[in-house]
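For clarity, chains are labelled A, B, C, D, E and F in written order, and residue numbers in each chain start from 1.
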Amino acid sequence: MNNACDKSKVYGQELWENILTEVEQSVLDEPILASFLHLTVLRNHNLAEVLAFHLSSKLSSQIMDPRALNEIFLDCFKENEDIINAVEEDILAYYQRDPACDQYSMPLLYYKGFHAIQTHRINQWLWKNNHRTLALFLQNRSSEVFGVDIHPGATIGKGIMSDHGTGVVIGETAVLGNDISLLHGVTLGGSGKETGDRHPKIKDGVMIGANASILGNITIGEWARVGAGSVVTRNVPPHVTVIGVPARIIGSTDDNMPSKEMNQMLDYDMDFVI
Amino acid sequence: MNNACDKSKVYGQELWENILTEVEQSVLDEPILASFLHLTVLRNHNLAEVLAFHLSSKLSSQIMDPRALNEIFLDCFKENEDIINAVEEDILAYYQRDPACDQYSMPLLYYKGFHAIQTHRINQWLWKNNHRTLALFLQNRSSEVFGVDIHPGATIGKGIMSDHGTGVVIGETAVLGNDISLLHGVTLGGSGKETGDRHPKIKDGVMIGANASILGNITIGEWARVGAGSVVTRNVPPHVTVIGVPARIIGSTDDNMPSKEMNQMLDYDMDFVI
Amino acid sequence: MNNACDKSKVYGQELWENILTEVEQSVLDEPILASFLHLTVLRNHNLAEVLAFHLSSKLSSQIMDPRALNEIFLDCFKENEDIINAVEEDILAYYQRDPACDQYSMPLLYYKGFHAIQTHRINQWLWKNNHRTLALFLQNRSSEVFGVDIHPGATIGKGIMSDHGTGVVIGETAVLGNDISLLHGVTLGGSGKETGDRHPKIKDGVMIGANASILGNITIGEWARVGAGSVVTRNVPPHVTVIGVPARIIGSTDDNMPSKEMNQMLDYDMDFVI
Amino acid sequence: MNNACDKSKVYGQELWENILTEVEQSVLDEPILASFLHLTVLRNHNLAEVLAFHLSSKLSSQIMDPRALNEIFLDCFKENEDIINAVEEDILAYYQRDPACDQYSMPLLYYKGFHAIQTHRINQWLWKNNHRTLALFLQNRSSEVFGVDIHPGATIGKGIMSDHGTGVVIGETAVLGNDISLLHGVTLGGSGKETGDRHPKIKDGVMIGANASILGNITIGEWARVGAGSVVTRNVPPHVTVIGVPARIIGSTDDNMPSKEMNQMLDYDMDFVI
Amino acid sequence: MNNACDKSKVYGQELWENILTEVEQSVLDEPILASFLHLTVLRNHNLAEVLAFHLSSKLSSQIMDPRALNEIFLDCFKENEDIINAVEEDILAYYQRDPACDQYSMPLLYYKGFHAIQTHRINQWLWKNNHRTLALFLQNRSSEVFGVDIHPGATIGKGIMSDHGTGVVIGETAVLGNDISLLHGVTLGGSGKETGDRHPKIKDGVMIGANASILGNITIGEWARVGAGSVVTRNVPPHVTVIGVPARIIGSTDDNMPSKEMNQMLDYDMDFVI
Amino acid sequence: MNNACDKSKVYGQELWENILTEVEQSVLDEPILASFLHLTVLRNHNLAEVLAFHLSSKLSSQIMDPRALNEIFLDCFKENEDIINAVEEDILAYYQRDPACDQYSMPLLYYKGFHAIQTHRINQWLWKNNHRTLALFLQNRSSEVFGVDIHPGATIGKGIMSDHGTGVVIGETAVLGNDISLLHGVTLGGSGKETGDRHPKIKDGVMIGANASILGNITIGEWARVGAGSVVTRNVPPHVTVIGVPARIIGSTDDNMPSKEMNQMLDYDMDFVI
């Protein structure tokens, strides 16, 4: 059994060249994908161009021209070096934490959870720069195409693994730190109809299991772990595991960062109840 | 902190003119959306034309021409004034209950939960008028594009806020009253493989949290509240809050209509258990 | 009230002719669908051609030509008679277990859960034959279009009803037997970041309710039933019903195969708790 | 040898029913065309709807939505009964004069010269009603798609057969009467750079051969015949045949209307010259 | 100055391998074309597959699916080995006669005159096998896309170079032999409105210059040459050059086959006339 | 009667602002074109961006992505300021010589002859920089979409009015000077199958009428005029008018530049001949 931690982190030009090498091999292996891979990756000069092209392929539609989207995405990346840095950290998060991910190019090309987070990074910038309507448009397209609905006002750090993605909902005033893993179906929702700060704050290193709902302006402490299917409406201390509907603490998360371990298992007996 | 209740309800011509004013402003603010907004909204004459055009953009495909869909949607709205009335009530439901929604045009243009409900309103009419196959086709397209799967036989009232939408499933014999809020991932499912009346009945004013499953021919009483992630297979009395897998009553919903308050919070301790 | 068991099983040429008869009737009933139905069904000669055409319509995109996909799907079906046999068993599973499904052509044409499973059957073959990149590409498209994310390495038997589909996630080393029913939102997920055998084994006849999460290399025994919204991280014995977050045993499944009965109901009181 | 004059003229409802009968037969004969024919013809209710749909399929593009064009074409036909009357006379002109045309539906569906003339009829109306830019847009699309470039200001009568179409150019102040036949490559061009009345006037019953150029504000008299490849910059009297570069009179056109006889032959010896 | 005759004729597998070699080089030289070239050429197995794919890309449209066309073209080539043989002879005709053509793949991929002739070869077969409506449909598409309008009833030999193509019109009862060169704008038209045998017969080795019109059931003898812009309505003897409107004999074509020499020059003085 | 010479020449920023003003007015006048005009013109920053976008809309296809073309066109314009200068001179040529052209934006947006010349300007640059295959690809697309077939090796000056365009063919070694007008159907063709310098040289100020063919390595002298439908295979002296098949001199062109006067008229009698 391989330990995924052996996978090395590379950045910038080195990451780009690794991606090119992987994709060139794919073209040889899979002629039917050659047209897609040339157009999307090989004819481009860097990660930003690939991502702008790939996302504009996915988010354009009968009434939104792919050239127009491609252009605005390139502008965004040109003005925000931080975003491409975060894109790299996200790629590496999948590469290191997901046992099924053994190529740098896999999240870039094939993981819709990744695509949705990067769409949001663009959207965060648009929202802050008073392009609210465009941000709403892209939020809607991301929700239709990726099944991931993130309000452009949300703040998201880097090193994020949003695995699978389908059903994820993140509200306007949510704040996510760095090195977080959140699985499909996770909701970071609001407390009610009042405006203002009303969504969760997720600290560094947190792991949130599939279909968990975290609701209201509460804090999930550093290195905490929220079990799949749980519903949390109270603050969660750092370094604990919570589970249940509603969720309760069932133990500590010990020495390892939950978002990197991705441990989904719970220690309990399958007793006969009710 | 603003109180969303300050947002006023307007109907008919006044609503239409508000929408036009909002969209004209968007064209000025966001040139990249000008082509989309002109084509979808500004060149049209009323809400029905906008909705028919917008839904046919979204639901058409390589093998279903947008002109054909546009035409049938216009025919449906022409024959059913009630539907456009319900569309207006739904727009106002979002406008008043969703703190992130501060324009009448936002649900109309950008909320896929809204689009799915309106697609279902057309489908309900098609189903009743013996256009069963077309209704199945559109149910499938709605499920693919919006991630919302509503059987065309289901009965749905007005003033419905179906926020975010992804993962919603509503069965054939479900009946929903008016002024209901239901979040993403909500299932109103069947009891088993027997045909006949087998899906939930949701009364006026109910609020159903994210990923809650309500199964079988049971009744959720007026003004009740079903917590996120809960699973309900028993009748729920009016004016109570239920939560859990399976769900149990944890309190009353007091004086305010849950669907309008949208209160997602639960009063419990984050105790250490197991 | 009809008993769905009266619906008869037919295979091969007889099934194909039933489908043609149903679709010819639909053309007469619904002129707006005539173009879609002719192109997708009536001009073709067998189930394999219909499925290859229909899936290539759905999975192609701006950067993936429908002709290229159609061709590879036809090649796959030609080389694998077993796949078309499994397709037939899946159609019959919906036909017999879903009260809303009264035509053989309904899952084939309109059920995205069915489409996703058949896309996976192709993918399973591609993965085993060293077409890994193409399989990843199609997994991604299936996740975008159907909201169903199945790793191409997963092993899936026949007679599978994956109803509604949205949100389903199935991991690389999961193994599913025959005659299984699994509803939307079901996760068969991994245990953590270690590689190797890390996903659930689901035995014959199991029924898994909506949004249930089954995590880790555990076994769900024959004829077991997992309630909606449950989270399971321990082995489940055969012939029992489990429910809860985390899930616990609440009873046996008696004499009938849960996947065929599709019974979603639980026997419990709506007590006041907390 | 059949005489094409046996082909009968039918109008209005009778013509429409003939077209439906022909197209229904084509659907049976040619399954591969069934989707096209249903969508374009059979699901519609009259000639105007078919023509609006068919032309909007042909003239729409990546940046011009087919629904928008379809709508404006329908509006045009609704406001101008004369246009549909002229459309019918044009269909009959092909049916009676072209030996290869033995169905009323052939020019309607498959003759681009016909499509270009009908596009111009819409354009003539747009131009007169101050929709100059839209008319220029459609002139350009007609020139790209049909290879026929007719200025929207030109006046064209009815019973026009514009066979094959490619290369036809007709200038702003040209005036064409009724019952005219003009072959591909025909130019009705201007005299120079001065504005004002500067294009040819073609009287009733004239036949103009392939690639003939008629230039300047001159008149081609009734029942005249202009030979293929000729260049005419002088008035042509009624009832004569002209030919040559520049064209000269070579005889009379006798008792039959040249546009209906379509006689392309010239009486001359293949002498050795130069 | 190179002599084009040095270019060698290769057939079958050797021709196919030459084409692959040329196209592989193009992919390296021109990354922007890589996707087009892979999809259209490199992933295929023979000339027939390339041509079917390329023509279906060009002739499909909003209302005609490319997969349906691709399939019928492949069926046609499978049933008619003669057609692929003629395709090869046509490729070689361009390769040897056109000084600008120095690769076998150039006519195959980039010459619309070639594409139109091959579309007609399919159409000839469809017409003879009672697929008249489909043939009319494809004639129309060829006329729109290539500007070449050939009645499916026309008979055309092999070794045909139809250079540039725009404006070519060939009538129903025209018969063309082998090794003919015909330039853009050439008309092989009918005599009038009577049905029956009414179009030209062009014998082997004839060269027809740009925009020449040959009208009626006349014969252009072997190795004759028709000058650009000429109009011919009388039989032309073998081995002569004709020119003029109407055309007259101006000399013999000597020892070389005009279609292979492609000599466009005329021996005359630029005298002052009129 | 207006004199077109009153129309003033403006360049650079002034021309761009005139175009913006015209297009903004069109948006107000013609809501149905608003989406097209915003996307193509108003959201852009200069003539180069508009032209790159507009040509990539027209020349892209099912197998050539519009974003890829847009990018290469922008690169071409950035590296070649001369091209945009020539584009401006061409716009002004139409504006001053074509009585039907009263807006600077008309050739830019709606004249396919103009679009074909600009496509060739890009192609000329590609050809010279060893992008031969891409140039052939675009020559083919130009021939399909505009009906204009210009070999990328041809040299073309500025101030060119190629009116209507359909059927124009210009060979590899043709050289055109400045201030030339050439109408639709004009051929500047080769002498035969020998390679080398074999196409016409057209000097400054020449006007070539519709469907004229000029063949071989001959020179058309400055300020000469070639009548419509003529065939020229001999040198034409400066300042003369030629006409006929084959063409002969019929007079001088006096004091005015024929390309700017656009005089199409010939002085001759319509005598009875043959």
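In this section, a contact is a pair of C-beta atoms (placed from the backbone, for glycine too) under 8 Å apart; a residue touches a chain by one contact, two chains touch by 3 or more.
Because the structure is a prediction, the values reported are computed rather than measured.
Student: Which chains are in contact with both subunit C and subunit F?
Tutor: Where subunit C and subunit F share a partner, that partner set is A, B, D, E.
Student: Kindly list the shared contact partners of subunit A and subunit B, in label order.
Tutor: Shared contacts of subunit A and subunit B: C, D, E, F.
Student: Give the pair among C-F, A-B or B-D whose set of contact pairs overlaps with that of A-C by over half, matching residues by number.
Tutor: That would be A-B, since it shares over half of the contact pairs of A-C.
Student: Mind checking the centre-to-centre distance between subunit A and subunit D? Centres are C-alpha means, answer in whole Å.
Tutor: Centres of subunit A and subunit D (C-alpha means) sit 59 Å apart.
Student: What's the distance between the Cα centroids of subunit E and subunit F, rounded to whole Å?
Tutor: Computed value for the inter-centroid distance: 26 Å.
Student: Centroid from C-alpha atoms only, then distance subunit B to subunit F, rounded to Å. What do you get?
Tutor: 55
Student: Rounded to the nearest whole Å, what is the centre-to-centre distance of subunit C and subunit E, using the mean of the C-alpha atoms as each centre?
Tutor: 51
Student: If you look at subunit E, which of its residues touch at least two other chains?
Tutor: 32, 35-36, 39, 43, 62-63, 65-66, 68, 147, 166-167, 185, 211, 229-230, 243-245, 268
Student: Which category does the touching pattern between chains fall into here: line, ring, star, complete, or other?
Tutor: Chain contacts: complete, every pair touches.
Student: Going by the contact rule at the top, pick out the subunit B residues touching subunit A in the complex.
Tutor: 1-5, 26, 29-30, 32-33, 35-36, 39-40, 57-58, 60, 66, 96-100, 106, 109-112, 145-147, 164-167, 183-185, 209-211, 227-230, 243-245, 260-266, 268-274
Student: Which subunit B residues qualify as touching subunit C in the complex?
Tutor: 61-65, 68, 72, 130-134, 136-137, 139-140, 143-144, 147, 149, 151, 153, 166-167, 169, 171-172, 185, 187, 189-196, 198, 211-213, 215-216, 229-231, 233-237, 242, 244-251, 267-268
Student: Show which residues of subunit C lie in contact with subunit F when the two form their complex.
Tutor: Residues 62-63, 65 of subunit C touch subunit F in their complex.
Student: If you look only at subunit B, which of its residues touch subunit D in the complex?
Tutor: For this pair, the touching residues of subunit B are 35, 39, 43, 53, 56, 63, 65-68, 70.
Student: Where on subunit E does subunit A make contact in their complex?
Tutor: 31-32, 34-36, 38-39, 42-43
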